[in-house]
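Per-chain residue numbering starts at 1, and chain names A, B, C and D are given in the order in which the chains are listed.
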Amino acid sequence: MSTYCTATVINHKEIVPGVWKMELAAPEIAKTARPGQFIQLYPPDERNLLARPISLSSISKMSVTIVYRVVGKGTKQFSCLQVDDMVHVMGPLGNGFTLLDAGTQNVIVGGGLGIPPLLELAKRLHGNTVVLLGYQDDPFMAEDFQRLGLEVHIASQSGNYGFHGNVLDMLKNITFPVGQIFACGPRQMLQSVSMWAKEHNVPIQVSLEERMACGLGACLGCGVKIQKHGEQDWRYLRVCKDGPVFSGEEVVWNG
Amino acid sequence: MDSRMETTIAGVTWKNPVTTASGTFGSGREYGELIDLNRLGAITVKGVSEEAWKGNPVPRLAETQSGLLNSIGLQNAGAELFIENDIPFLRQYDTKIIVNICGHTLSQYCAVAERFADCDIDMLELNISCPNVEEGGLSFGTDPHVVERVVKAVRHYVKQPLIVKLSPEVTDITEIARAAVSGGADALSLINTLRGMKIDIHKRKPILANKIGGYSGPGIMPVALRMAYEVCHSVDVPVIGMGGISTFEDALQFIMAGAEAVAVGTANFHNPYATVEIIDGIRQYMKENKISSLEEIRGCID
Amino acid sequence: MDSRMETTIAGVTWKNPVTTASGTFGSGREYGELIDLNRLGAITVKGVSEEAWKGNPVPRLAETQSGLLNSIGLQNAGAELFIENDIPFLRQYDTKIIVNICGHTLSQYCAVAERFADCDIDMLELNISCPNVEEGGLSFGTDPHVVERVVKAVRHYVKQPLIVKLSPEVTDITEIARAAVSGGADALSLINTLRGMKIDIHKRKPILANKIGGYSGPGIMPVALRMAYEVCHSVDVPVIGMGGISTFEDALQFIMAGAEAVAVGTANFHNPYATVEIIDGIRQYMKENKISSLEEIRGCID
Amino acid sequence: MSTYCTATVINHKEIVPGVWKMELAAPEIAKTARPGQFIQLYPPDERNLLARPISLSSISKMSVTIVYRVVGKGTKQFSCLQVDDMVHVMGPLGNGFTLLDAGTQNVIVGGGLGIPPLLELAKRLHGNTVVLLGYQDDPFMAEDFQRLGLEVHIASQSGNYGFHGNVLDMLKNITFPVGQIFACGPRQMLQSVSMWAKEHNVPIQVSLEERMACGLGACLGCGVKIQKHGEQDWRYLRVCKDGPVFSGEEVVWNG
């Protein structure tokens, strides 16, 4: 069950240049939210009709926390919100990650702004979890994962931080048998990690993005090409309702 | 329930004059999580074709100032699955069911109409803005002769009251409206989207994969209202007005222009409670202004 | 001055691709109090007819969400007073002068064109959205045959390069564009306003005394951009794009769609500095993206 | 010379229900403003493209004060502005009242929200000035005129305050010979006062309203039918540029 309500900003700060972390008091949403779900956040300037989908990064009893990058008009407006300001929000939305039984070797793979949605997942995963985080340059939130006591590896494209390269390279270097993968980040990254997973016969869940209008599954705006096992052909499923988390094998990447 | 808001269109009585605009509300299931579907005068479902349509490539959505571009391309699972899943779902609610149908050829239109002839639905809405694949891809809805022909053909199969939904992309909307009526429309609805475009100046390409999409939302309302007004003054069948309606004030403008009922589309995305807030707003306005029936204000603009 | 922004349209070189939309900027005098008119690529003046026109009854303006309705009715003091007062005023500035002309009959169009033939102006813009009084009041601009005829007739009298300004209220804008070109247009400008309406639900009457007015502003931009794109891909003459342009990003979208230049209208009302901010914004964008001529991005959307 | 600038709200309060008085720090505007001129105030919500014309009620060295009634979307937004908020404004605009030589018997006639624009005029008028103020019910700003030491008469339609009736009735009761009239208020009132003035051969200046887009005289949106002495026919002049103050005799009232 999702709700549409007004949430109050209770914490808001820029964690690295252009990337903001915002905590919203929204008990109704927090109550039922699961890792991998998202909210629709409505820009205060009503010339912008559409809400912006932003993943839940962490979930507490009364509030949810999101981490977002300022890329355009909507996120620019969010970054101007002050503590105690109110904002319209709908959620929790989407399917979230599927948490399997304990005892597996989990690998969490995050790239850039795909990292925040993985934090709540990391908290809740059973079994052993290794976290691979890739950045353009400046890392952020790595310490949040470390604080959970997990093994965290960092890569940066610039080579200024951690491993010089991308998460795929780090994944290839893993020596133990990977049980399952959870990935979120740029499409290119998700595709290459999914290819690797397929080759190695490892189940993988990926969280995808697409432009949204309703966020509820009604408008069919947010299509992603999915070919289910045993189906003849792909069809467009809805990122907002059937996703955002899909099996990496079922996504038709080249299209 | 409040009989003062009852509205009868082509013999079908809605409890209030507010429905959803096709394609913006699915078959109601999703919005039903947030609002009480029993509140709606009618639910107009997304376009249904004879067979499944895959729809257009993504991105399919672009936000504009006070508006939205979409190029969904009428993705739908086809009449069969719709009849199996959606009609029983909708029939649980005390609201009228309007099925919006589409096709790329005259025979596809007829086939889907026939498919619904014996179904338990209240009205059929014929979307004539689809590209006419047999005749170069221009929309059916832009030529009065084609409009009359397609309405007549479909009429033959339809058993429910038939609403014809007009495309605004024409030189003279009244000419098209008259053609639809002479083809046998029991009611008209308008407007469908205008075609629009948006370009990402950083990527130097259109935002929609399809380049051009249907423009909806508050930005089209002045045009929609003008066309609804013109059509109400040129045909005798009831008109369902839509295009940018977001508030009860907007809805009342259409009713004063002569519309029998209104549909709410893009506003649902901006505010999922839009439909019920509009219904409540109209009721409140009637109360404050001591209006006991919408007839007192309907078409008051001469 | 910055030659990288120079734009040549039908042989006339503007210092930058930004002009004003006819009717929104008078003859520049009033805005000249706030901005430096020398900054503009060209000034397109309000519509001028052979004799004075009184214009429509008031109210003539209605604000809509992200848009404006106007029913000025082309009020103007006639060609003679314009030539006496406005041309000498404009010639003080280093900017091109574009005179927008209008008429209610073919002979009125020809008369006003002839009146300007020997005047010191740079281009003539023919507004074909006027009601054709001799043929039932429908706009000249909606029928390709009429468009070709009126352009050809006017062309005969005109000595300056001739821009034909298209009405968007047609089923197929490319057909009208081709008709204007085959009539002899040296350039096209588009779009003129869409017709729209707004109703005051408390007074229960339209806000405009004229009921219906021309709709302009950001709300029409998606339609304007799509039409500019379509026209740029169907004729070989340069296109001046307009309709809702308020920022340099908006202007660049038209240029990427293929427009040679742009005009800024309603945005002046919202921000009197709009034109100069757009010029500065384009320059800045070119600098940041290392673009040395607008040719590098013009029409980059295929 | 008018300017377009950002002004800061330095005082703002509701003086009677629905009527607000706002002082704006706007030195550039204050410097050249004259009584009877107006400003264009831009609503903060940018879905409202057009500025709202509001008359200057009083003018000081660095600031201008306006008094407005909340009637629709724009004025509603103004009423939400707080002290220290900024707002876009253009002005001063229009012609203002023409102040003739001293030694006349002036009558100022104001109705409703036509009263505020007359205050600065009252301050600057030479000669003897009588002020007639008409209200629906609740009077406001009467004390501002009284404080100038002027003779102030009040009428209310409701009869709850002052004279029971309208300003025209009060005007008819004036016993001394009226030298000139300055009037602002509802069109109906201006018309009847102008008729009276014509009958009694008294010059009258009236301040008119009309919907505006540019506010500068460029768009011809704000027409008012004026027939100048000696002209064959009326033509539309611009309230924003040729007015808002016109000779009451020249206005074509019935049209």
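Methods note: contacts are C-beta pairs under 8 Å (C-beta built on N, C-alpha and C of every residue); 3 or more make two chains touch, one makes a residue touch a chain.
None of the values given here were measured: they were computed from a predicted structure.
Among the remaining chains, not one touches chain C and also chain D. Ranked by separation of Cα centres from chain C, the top chain is A. Chain geometry summary: the mean Cα position of chain B and that of chain D are 47 Å apart. Work out the mean CA point of chain A and of chain D, and you get 58 Å between them.
If each chain is reduced to the centroid of its CA atoms, chain B and chain C end up 34 Å from each other.
Between the CA-based centres of chain A and chain B the separation comes to 35 Å, rounded to the whole angstrom. Of all residues in chain B, those that touch two or more other chains are 65-67, 218. Residue numbers of chain D whose C-beta contacts span two or more other chains: 46-47.
The touch graph of the protein chains shown is a ring with every node of degree two. The set of touching chain pairs reads A-B, A-D, B-C, C-D, using the touch definition from the header. Across the interface of their complex, chain A is touched by residues 23-26, 29-31, 33-34, 46, 52, 54-55, 57-63, 65-68, 70, 72, 75, 217-218, 266, 268-273 of chain B. Within the complex formed with chain D, the residues of chain A that make contact are 45-47.
Across the complex, chain A meets chain B through its residues 1-4, 42, 46-51, 90, 210-224, 235-236, 241, 255.
Across the complex, chain B meets chain C through its residues 64-67, 69, 138, 142, 169-172, 194-199, 201, 204-206, 211-212, 215, 218-223, 225-226, 229, 244, 249, 252-253, 256-257, 285, 297, 300-301.
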